[in-house]
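The structures come next, written out as C-alpha cells.
Each of the next two complexes has subunit A plus one more chain, namely subunit B in the first and subunit C in the second.
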Partner chain A sequence: MSDFTWGLIQIVGVHTILGLSAYVILLTGQVSMAQAGFVAIGAYVAGMLTVLAEWHIIPSMITGGLAAAVLACIVGFPALRVRGLMLVVATIAFGEFVRLFWFNFDYRIAKGDIVVGPEGGEGFKQIRFFPENGWTTQDVAIFIWIVTAIILAALWWMDRSRAGKVLRAVGEDEMAAQSVGINLTVVKVSAFTAGGFIAGIAGALYAHYTTHIEHLNFDILMATFAIAYPILGGLANVWGTLFAAIFIQVIVIEVLRDLGDVRNLMFGALIILVMNFLSHGLFSAQVVRKLKEWTRLGRPSDA
Partner chain B sequence: MKRQIMLVAAGALAFAGTQSAAVSADREVHVAGFGAKSGVVRSFGINTEAVMRAAAEKINKEGGIKLGDGTKGKVVVTFYDDRCKAEEGISVVRRIASTKAVVAIGPTCSNVAEPLFGVLQKKAGDASDTGLQFPIFTDTAIKGGLAKISEWAFRNVPNESQMYQSLFKWVKKENPGYKSVFGGVEEDFAHSRFTWYQVMDKRAQEAGFKVLGRVKWLLNDTNFTTQVRQMKKAKADVISISSHPFTLCGVLKEMKRQRVKYKMLIGLTSSSSLETLRGCSKQAKGIIIPTSFAPVTPAAKEAAAGAAKFNGSADLHSAAAWENMFILKDVIEKTGVMAKGDTVQADRRKIRDGLAALKSTGGLIGGIQRTMEGEAVKPYVYVHAQGKEWKILHDPRK
Partner chain C sequence: MEFVDYLQAVTDGVMQGAYYALIGIGFTLIFGVMNKINLAYAAAAFGGAYASLGVAALIGTGDDFGLPPLIMFLVSAIAAGLFAWIVYTICFRFTPDHYELATLMATVGAFFLIEEIAVHSTAGEPMDFPEVLQGIVDDPMIEFSDAFAIRGDLLTIFLLALIAMGLLLMLLYRTKLGLATRAVAQQRTAAQLCGISVDRTNATTFIIAGVLGGLAGAMIGAAVGVLSPLLFVPLTVKGLIVTVIGGLGSIPGAIVAGLLVGGLENVFLALRGITERDMYVMLLLFLFLAFRPQGLFGKKAVRD
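Up next is the complex of A and B:
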C-alpha cells in the first residue's frame, strides 16, 4: 500500500475516534458541540508533553485524554441545567472559549537552537514525535488503529453491558429512567467525561500526525463532523460511526476531491437527507437486525 | 537494386524516427499543483492552476523538457484541491507522492504549508527521520520563514518584511508630514496576522511613524462597523490594512460609509489582485500595495495572457507559479532528471538538490535571489488601484 493509503487510514482512524466521542454523549440524548474543544485540549496537552517535556506518545496521549476528560466533567454539570437547543448553544460557546484560549496561549521554551511550544495565533509547530522517532506512515496508521480498535471494543462492550442500557434509557426517556432509580446527573456527567476523554485522545493523535496545530483547526466545522458521524451512521451500535467516518473521509472528501465546493454541499445535503428519511441513521436498529437475518441465511439451520 | 537499398534505408530511418518519437512522446514529466480551489480563498488555487497549465503549454510548445538521456519529455500538470485545510493538504501531498509526480507546486494557505512542511523530512538524507521525501516549491503561502521547516521545502514568495520596510521608508521620505499609522488586521488568518504584527507594525515604527493602534476582524466577518468607528476616531494619517480581498472590501466599503478620512491607504500584498478590483475598485482607489508581480515586462505580459487563457489571472501569488514552472524546467534539465517509472524517487532527490543549489533564478519582473533557507528575495514594485487596474506607482529599483 502507498504512503497515501496509509495516510488516509490514519485520517479515518482519528475521525472515527472523534465520532465515537460524540456517540457516547448522543446515547444519553444530549447533543454536544463541544467536542472540538475537547480535541483541542488533548492536542495541545499531548503536543506540549512530547515536544516540551519529551514524553513518549502513549503517556502524552493518555494525559491529553485525561485533561480533556476533567474539563468535560466540569462542563457536564452546568450542561445538566440545559437541554436541547440550549445545550447546543452552551456547548458551542464552550468550544469557542477553548479555541480562543489556545488562540491567546503562548508558552515557548528554547530547545537547542530553536524555540518551541504553542505560540498563540501562530499555532504550535514542530510536533514531530513520529518522524523523529523513526515511525513510518504505516507504523503511525497501525498505532492509530490499535487505539481506535480499543475504543471501539470498549464502547461495543459498554453498549452490551448494564452501563450502555442505562445510557440508552436516559437517551430514550429521562423521566422514565429517573422513575426507575437512574441518577441522571451521574449518567450525563459520565457520558460527557467519557466523550471528553475519547475526544482528547483523538486530539493527541491529530496533533502528532499533522505536526502543527492552531486554534482554527478546532472550529465549529470539526464539532459538526464529530456529531455528523454518529448521526449519519446511527446510534444502534458503534459500527455506524465507523462506517460514516469511512464514507465521509474516503468517498466525500478523497474520491470526490475534484468536485470542489460541491463536496461541501454534498456533505450538508447528506446530513439533511439522512435526518429526514433515515432519522435513526444508516445503521439503525432495524437495518442491523435485517443485516443479521441476511447473514444468517447462508448458514445451516439449528434444526 | 540500388533503389531497393535506398527504400530499405529510408524505411529503416523512418522506423528509427518513429521509435525515437514514440520514446519522447512516452516520456512525461509530472508536475503536481495543489491549493485551495474551494472555500473562501478558492480564487488563489484557481489562478495558480491556470498559470501552471499556461506555463506547461508554453514549455511543451517549445519542445518540452530535455531529460537526462537527451530525449525530450512533455510536462503534465495535475492539480488537487486542498480546501485550505491542513489535514487535507497533507493527504493531498501524500497522494501526489504516490503518483509519478516529481515535484509539487503549492499550497495556497500558510496554515496548510506549515503542517505540511512539518510532515516532510527535516534534513534531506537523514535516515533517522521518516518524514516524507518529496520536493515542494511553494508559490503562494507567504507567511514568513516557513521553508526552513524542511530541506525538502522551497518557496518563491516575496519577502514581505523587506517590501514593507522599503514601502514605509519611501512613504515617509515622500511625505514627511505624515506622522501616524493605524492598523486593521484579519486576525484569524495566519498570513494577515503575521504580516501585521511581525511586519507592518514594526516596519512602520522603524520608518518613524507612530502606530496609534489597530483593530481586528475575522476572515468570515461581514460587519465592520465597530472596527471602522475606532479607525475613524484614531484620525491617523496612514491606514494600513492587513487582510485578504474578501474582508478588505468589506472594511473599505464601511470606511466609505462612515466617511473615514485618511491621507494614505496601504494594503496587504495578497490584496493586489483582481478580486479586490472586482469587489471594490471604487472604494480601493489609491490603496498602495507592494507586489512582486505586475505586467510590466514582455514575460510578465505573456504570463498574464496565459493565465487569462485558462480562465485565471496572474497576480502576486499565481505569477510565482509561472516562475516556478520555468525554474523547475531549468533544474530538471541541469540535474538530468530521467522521468522514468523506476527513477521517480531519484528524480525527486535530484530536483530537491537542484533547487537547494540555486543562488539566483530568472523572474517575471527581474532576477530573483535564492537564500540558503530555500526562500526567495524577489524584486518588487509599489502598485496602486486606479479604476479597474493596478498601476505602478513606484519602482524602488529605479
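Up next is the complex of A and C:
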C-alpha cells in the first residue's frame, strides 16, 4: 500500500478515537462541544514532552491524556450546574478558550542549533518523534490502530458491564437514575474525565503524525466532528462511531475528493438528511435489534 | 489608558454591541418557543446579508453597489427570514421532539451547508459591503474633543437596532401574533388547547428571528466593511454567550447582555489586544455560569 493509504488509515484511527471520546459523554445525555479543546491539550502537552523533554511517545501520550482528563474533570463539575443547552454553550466557550490559550502560548527553547516549542499563532512545528526514531508511515498507522483497538475494546467491555448500564441510565432519565441510588455527580464527572482522557490520547497521536499543530486545527469544526461520529453512527454501541468515522473520512472526504467543493456541501446536507430520517443514527438500538434478529444472533422478538 | 480612552472604547463597543444584542434576541426567541438551540441561526443571518449583496450585484453595474445601503438592509432582512424558515423546515419540523441531539446536529449540518454555499459562491473571498450612510454623508464623525468622537455610521446602526428591538417588543406585546408566541413559549399544550397552531407559531417565530438576524448581518457587514465566512463562527459564539448571560428566553436580558458584552469586549481589546480579547469574554461567561447560571434576567426554572 502507498504512503497515502497508510496516511488515510492514520487519520481514520485518530478520528475514531476522537468520536469515542464524545461517545462516552453522550451516553450520559450530555453534549460536549469542548472535545477539540481536550484534543488540543493532549496534542500540545505530548508534543512538548517528546520534543522539549525528549520522552518516548507512549509515556508522553498517556501524560497528555491525563492532562486533558484533569481539565475535563474540572469542566465536569460546573457541567452539573448547567444542563442541556446551557452545557452546549458552556462547552463551546470552553473549547474556544483553550484554543485561544494556545494561540497566545509561547514557550521555546534552543535545541542544538534550532529553536523548538510552541510559538503562539505560528503553531508548534517540528514534532518529529516518529521520523527521528525511524518509524515509517506504516509503523505509525499500526501503532495508532493498536491504541484505537485498545480504546474500542475497553469501551465495548465497559458498555456491557455495570458501568455502561449506569451511564445509559443517567442518559435516559436522570431523575429515575437518581431515585435508584445512582450518584449523578460521580457518573457525569467520570464520563467527562474519561472523555477528556480519550480526547487527549487522540490529540497526542494527531500532533505526532502531522508533526505540525496550530491553534486553528482545534476549532469548532473538530469539536463538531467529535460529536458527529457517535450521533450519526448511533449510540447503541461503539461500532456505530467506528463506522461513521470510516464512512465520513474515507467515502465522503477521500473517495469523493474529485467532486471538490460540492463534497463540502454534501457533508452538511448528509447530516441534515440522516437526522431527519434516521434521527437516532444509522445504528440505533432499534436497527441493531433488527440486525441481530436477521442474523439470528439475538433472541426473536416477542411479536 | 486615561479615562477618556476607556470612555471611547466603551462607547464604540456598546454601539457595536447592538448587533450582538440582535443575534442574542434571535437565539433567545427560538429557545423560548422551542426549547432548542438553532446553531445555524447566525449563519442564516449572514446568508441574508450575502443575498442582499447578490441582489445588489444583479441590479448594479460596475464598481458601484446597485442599491442604497438601507434598501440592502431590508433585502437582507427578508432573505434571512426566508432562510430561517428553511432552517426550521429542514432541521426542526420533522426531527423528533424529545431527542434534542437530532435537532442540534441537524442545525450544525445546516450551518455547514450555509457556510459552504457562501464560500462556494464567493470563492472564499471577503466581499465589500457598503457603509450605512454611503452616498449621504462621507465618513461621518461627531467630534467632542481630540480624544473622543462618535462614529456616525455606528450611531446610525445603533439607532436602527434600537428601532428594530422596539418594533419586536411591540409585535410581541401588542399583537395577537405576539400573544400566540408568548403562549406557546409559556405552556405549549395549553396554547394548543386554546386553538393556537404550535407549528405555525414556531415557523413565524423563526421568521421573525431570521428578519432580526438579517438586519444584524447587514449591520455587521456595514460596520466591518466586508462580509466573510470567517465571521460565522465567532458571531455564533458571541450570540450564544450573550443569550446565556442575558438569561435563556429573556429578550430584555439579551439586549442588556449584548450591549454589555460589546462594551466590555472593546475595553478588553484596548487593554490586552486582539489575540486575548475573546478569552476575557469567555471568562465573563464562566463567571456567570458559576455564580449566576440563570443569567441577568432569566428565571431559575429556565435553567434546563
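In this section, the second predicted complex is superposed on the first by the 296 of 303 C-alpha atoms of A that agree within 3 Å, B and C clash if a C-alpha of one lies under 4 Å from a C-alpha of the other, contacts with A are read in each partner's own complex, and residues count from 1 in each chain.
Just so we're on the same page, contacts are C-beta pairs under 8 Å (C-beta built on N, C-alpha and C of every residue); 3 or more make two chains touch, one makes a residue touch a chain.
Worth saying up front: this structure is predicted, and the values here are computed from it rather than measured.
By the document's definition of touching, both partners, subunit B and subunit C, reach A:Asn264.
In the superposition on chain A, A:Glu254 makes contact with subunit B only, not with subunit C. When the two complexes are overlaid on their common chain A, residue A:Val89 makes contact with subunit C while staying clear of subunit B.
In the superposition on chain A, A:Tyr107 makes contact with neither subunit B nor subunit C. In the superposed model, A:His280 lies in contact with subunit C only, and not with subunit B. In the superposition on chain A, A:Lys125 contacts subunit B only, with no contact to subunit C. By the touch criterion defined above, A:Leu8 lies against subunit B but remains apart from subunit C after alignment on the C-alpha atoms of chain A.
Contacts of A:Ile272 after superposition on the shared chain: subunit C is touched, whereas subunit B is not. Once the two complexes are laid over each other on the shared chain, residue contacts for A:Asn217 go to subunit B alone; subunit C is not touched. Residues 103, 121, 261, 264 of subunit A are contacted both by subunit B in one complex and by subunit C in the other. Residue ranges on subunit C touching subunit A, taken from their complex, read 31, 35-37, 90-91, 94-96, 99-106, 108-117, 119-120, 233, 237, 240-241, 243-244, 248, 275-276, 278-279, 282-283, 285-286, 289-290, 293, 303-304. Contacts from subunit B toward subunit A in the complex involve residues 37-39, 42, 80-81, 86-88, 90-92, 94-95, 97-98, 111, 114-115, 118-119, 121-122, 128-132, 149, 187-188, 190, 193-194.
By the touch criterion given at the top, residues 26, 31, 78, 81-86, 88-90, 92-94, 96-97, 100-101, 103-104, 120-121, 219-220, 224, 227-228, 231-232, 261, 264-265, 267-272, 275-276, 279-280 of subunit A touch subunit C in their complex.
Chain contact summary for the complex, subunit A toward subunit B: residues 2-5, 7-8, 11, 103, 121-123, 125-128, 130-132, 134-137, 206, 209-217, 253-254, 257-258, 260-261, 263-264.
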